[in-house]
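Both of the next two complexes hold subunit A, though its partner changes from subunit B to subunit C.
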Partner chain A sequence: MEILIQTLVAGVLLGGVYALVSVGLNLLFGVVRVINFAHGEFVMIGMYIAFWLWAGLGLDPYVSLLIVAPAMFLLGVIFQRGIIQPIQGTSANMKIFVTVGISIILQNLALFLWGGQHRTVSTSYSTSVFNLGGVTISVGRLIAFIGALVLVAALFYIMNRTMTGTVLRAIAEDGPTAVLVGIPVKKFYFVATGISVMLAGVAGVMLTPFTSASPMFGFHMTLIAFIVVVIGGMGSMVGSLVGGVLLGAIETLAGTYISPALQQAVLFAIFIIVVLVRPQGLFGKGAGTEEVGLK
Partner chain B sequence: MKRSHLISGVVVLALMAFLPLIIGQYLLNNAVLIVMFVGITVAWNIAAFGGALSLGHAAFFGLGSYTMAILLLDFGVNPWIGMLAGMVVAAGGGLLLSIPLLRLRGPFFTLASIAFAEVIRLVAVYARDFTGGSEGLTIPYAPGWLNMSFSDREPYYYIVLGLTAIAVLVSVWIYYSRVGYQLRASGSDDEATRALGVNTAVLKVVALVISAALTGAFGAFAAQYFFIVDPETNFSLNLYSIQPALNGIIGGAGTVLGPILGAVLMTPIGEYMRGAFAGQQGLNFMIYGVVLVGVVMLMPGGLVSGIEKLRARFRLKRGVGRRTDTTAALDESRAEDRL
Partner chain C sequence: MLKVEGLAAFYGESQALENVSFELPDNGVTALLGANAAGKTTTLRVVSGVLPARRGTVTFNGVNITKATPEERVRLGIVHVPEGRRLFGTLSVEENLLLGGYSKRKDGNSKERLDRIYSMLPKLAERRTQLAGTLSGGEQQMCAVGRGLMSEPTVLMIDEMSLGLAPVIVSQMFSFVKEIAARGVSVLLVEQQVQHALQAADRATIIDRGVTTHSGTSEEIRNDPKVREAYLGV
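Right after this comes the complex of A and B.
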């Protein structure tokens, strides 16, 4: 029983970060209508920036957020202008292969520049834990979880309470009409992609105190984020949040009770089952889902 | 299929058969790899006729390798029969993957195919008793045609040439058959094709199963050629899922010539880069990625459509073109759909 609670807590905390990565993917899909296979790579880049700032300048990962967040937003804007914008009007298949290509490039760029070894940031609080009613909680994981929740909540607020958010939702609902009523859609695409990439990078930084960076980590995150989006439902922010936490819990439970070697296999199996049984996801709204066959 | 295609195919095959007489063992190794990747890409492309862009074909390749190896090592089954069994098992895998194929479109099928291949790879690592875990299995060296095992590369070359010829023949036959037309129609507009009374679901499943079985045959061949089967290589996402897809897209997915062109062009480049940049990990795949993005963005239908467009423009300039701008535009849109 104690092990179960312990596992669940660790899983839920990790799931918060998954949720943060997934809301970004979901935002990009909802507004810009591009399924970004390179999304996880931005998490990986965030991790490496945090690592090098720590290794080179001795900067604490949480302090480096001040540099990583704007840098990643800028990277997102460049990504939108250089890669996404030219392919936006094309077929879904073209978008797949361009973003898969970007993912291959970034993954191997990291391998080329920084080698295949795992890079670990070790801070004073990396291994520190505290005890809460018999359950041991890692400080790094708890901070990552709370940070992720705060950011997801902030995105909620922006999307539902501000003008920018209203416009973004309008574009997500009906892009062509948004153009007709005079919304500078292209500008808002920059905002959406920028936020999406920034959230991925920030999630990467939050992971660094307890996870080591490696070139293949991004690919793993892309798969996780996709599974979360499918489980939660395309276009549903609440769905991403719940899906992320659920997936984190399932992953750690599978690691403890089945086998660490089959941890990922269980996730993929769940993904395929969800797609077959409830393709619209737990909180799916259906908007845009017919495009990818998730009716 | 036109008669001229058949003749040029036979001529190319005959020329290829003489290759080992000219080149040495080292180059012959490259030739084996190129021909193998042509075969794998052509097999992958058969599923792409119907619009299914899979990034999970490593699963079929690995299933072919492991089936042959396990049958040989644990049950003493002859490798040739093992290869057939590998094709059957891979076809079974194709049948499994067709469940998400019929439910999902575009990126989500692609994603499901990655997940599918990863699950099978992880299970192969996990089931140590059968598969030898991450160390994999070693194929015993027992030279002779009966054992599909040789000390020279020539026999391997002829076997893989034969397999690839079969794959190309199957691909050409499907492409020009009634089934192929229906399949390609479904690839560009599934709903319209169904509305015309074509059962596209069956066609797509059949195409995927054939594609999987052929890929499995190459997997069994590779097990004999490299004498080793392990999860990181034989279920490799980069080598056998992404590479064939990449070759196909660069050449022109959904066409007959495109995948062949793509594989013939990209495999030596990849091999060269792997040798030239051996010290710099990742550089070769990075260049692959750049080529992929560049080709897809500049030439949406791949090299084949790029060449066709150039030819059309050349004809127009000379003023003898029968093609008007509208047919050229139509071709262009078709090329995009094909992708």
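Right after this comes the complex of A and C.
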């Protein structure tokens, strides 16, 4: 019982970060209509920036957020202009080829620039834990979880309570009509991709106190986020939040009770079942499932 | 004020407009009439800038706007209320209206403009927090026209406003449109219901297979023997 609770807590904490990564992927897909298979690489880049700022300047990862967040937003804007914009009007296959290609290029680039070794940030709180009713909780993981939830909540607020959010939701629902009513839709693509990439980078930074950076780390994150978005429902932010937490818990439980070797197999088994039984996902309305070939 | 000359437009390889010309006066209601697939919607799409013109020009107050973006045209006051309403169904009525006023958001009086729309269309005020997708057909059309009015247009083009609406609602909408036109908006009504539209409009242009064939006052159009034969079934 104790192991179960301990595992569940660890899983939910991890799931918060998954949710943050996934809402970004989902935002980009909902508004810009591109599934970005390079999304995880932006998590990886965020981790490396935090690592180098720590290793080079001694900057605490949480402090480096002040640099990483705007830098990643800017990277998102460049990514939108250079890569996404040219493929927006193309087929689903084209979009997949191009973003998968970018993902591989970024992995290779990281390997080339920073080598294959795992880079670990060790802070005073990296290994600190506290005990809550018999359950051991890692401080770094708890901070990452809370930070992720705060950011997801902030995104929900922007999406539902501000004019920018209203515009983004309108574009997600019907882009051509948004153009017709006089909205500069192209500008808002920059906003959506900028936020998406920024959230990925920030998630990466918050992982660094307890996870080491490596060139392949992003690949894992993309898979997780993709599964979360499909399970939660394309275009559903709530779906991504619930799906992220769910997946974190399932992954951790599978690691403890089945085998760490089978963690990803379990996730994909669930993914396949969801795609077959409920292709629109738990909270989705079915929009977009066809575009990625799931229906 | 708005002048369209010799427009031609294509969807890929297939030509939808061949030679479309007409002029809108400063106010009043003008009807653009024609059979199904004649090119009415395409004409509006070219005027609002969402479909490029292959040939011809669109001039607004003496300025050539043929290459202007849709956003620029809305800011100039040219607004297109699309066929089938095309509301943002998952957004509230008020959000739809606010989006219609996007081009004017920097003027800072969006609250006043919203209130003006609500006073003109009180039904929308009752439904302000409701999702637009849950409105009745008539209310949706009101919301679509209201969304268009939020940017304070000088030219308001409404595509198939009466389609699918009950006759009572259609009459209400036509008189609402006449009211707007009387306040100094030039309204372009696209209709397949020729009789009804000619009653509401001051002027009319007929389009046939991508070519505008007749223009004149409603009276002239109604009495034109060729028009009578082709569109009025007499």
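Following the convention adopted for this analysis, the second predicted complex is superposed on the first by the 292 of 295 C-alpha atoms of A that agree within 3 Å, B and C clash if a C-alpha of one lies under 4 Å from a C-alpha of the other, contacts with A are read in each partner's own complex, and residues count from 1 in each chain.
Everything below uses one rule, namely that contacts are C-beta pairs under 8 Å (C-beta built on N, C-alpha and C of every residue); 3 or more make two chains touch, one makes a residue touch a chain.
Quantities reported herein were computed from a predicted structural model and do not represent experimental measurements.
**Student:** Determine, under the contact definition given at the top, whether A:9 touches first (subunit B), second (subunit C), both, or neither.
**Tutor:** Once the two structures are laid over each other on A, A:9 reaches no partner at all.
**Student:** Between subunit B and subunit C, whom does A:173 touch in the aligned arrangement: first, second, both, or neither?
**Tutor:** A:173 contacts subunit C only, not subunit B.
**Student:** A:274 contacts which: subunit B (first), subunit C (second), both, neither?
**Tutor:** neither
**Student:** For A:183, decide between first (touching subunit B), second (touching subunit C), both and neither.
**Tutor:** Only subunit C is touched by A:183; subunit B is not.
**Student:** Kindly classify A:223 by the partners it touches after superposition: subunit B alone (first), subunit C alone (second), both, or neither?
**Tutor:** A:223: touches subunit B, not subunit C.
**Student:** Mind working out whether A:91 is in touch with subunit B, subunit C, both or neither, as first, second, both or neither?
**Tutor:** Only subunit B is touched by A:91; subunit C is not.
**Student:** Of the partners subunit B and subunit C, which touch A:231 in the superposed model: first, second, both, neither?
**Tutor:** neither
**Student:** Name, in rising order, each residue of subunit C that touches subunit A in their complex.
**Tutor:** The touching residues are 48, 50, 70-71, 73-75, 79-80, 82, 86, 88-91, 95, 98-100, 102-103, 105, 147-148, 151.
**Student:** For a test of understanding, state which residues of subunit A touch subunit B in their complex under the given definition.
**Tutor:** The contact residues of subunit A facing subunit B are 35, 37, 83, 86-87, 90-98, 100-105, 107-112, 115-116, 215, 223, 226-227, 230, 259, 261-262, 264-265, 268-269, 271-272, 275-276, 279, 291-294.
**Student:** So in the complex, which bits of subunit B are touching subunit A?
**Tutor:** Residues in contact with subunit A: 51, 53, 55, 99-100, 103-112, 114-116, 118-119, 122-123, 125-126, 242, 245, 249, 280-286, 288-290, 292-293, 296-297, 300, 336-337, 339.
**Student:** What part of subunit A is in contact with subunit C in the complex they form?
**Tutor:** Subunit A reaches subunit C through residues 163, 166-167, 169-170, 173-174, 176-184.
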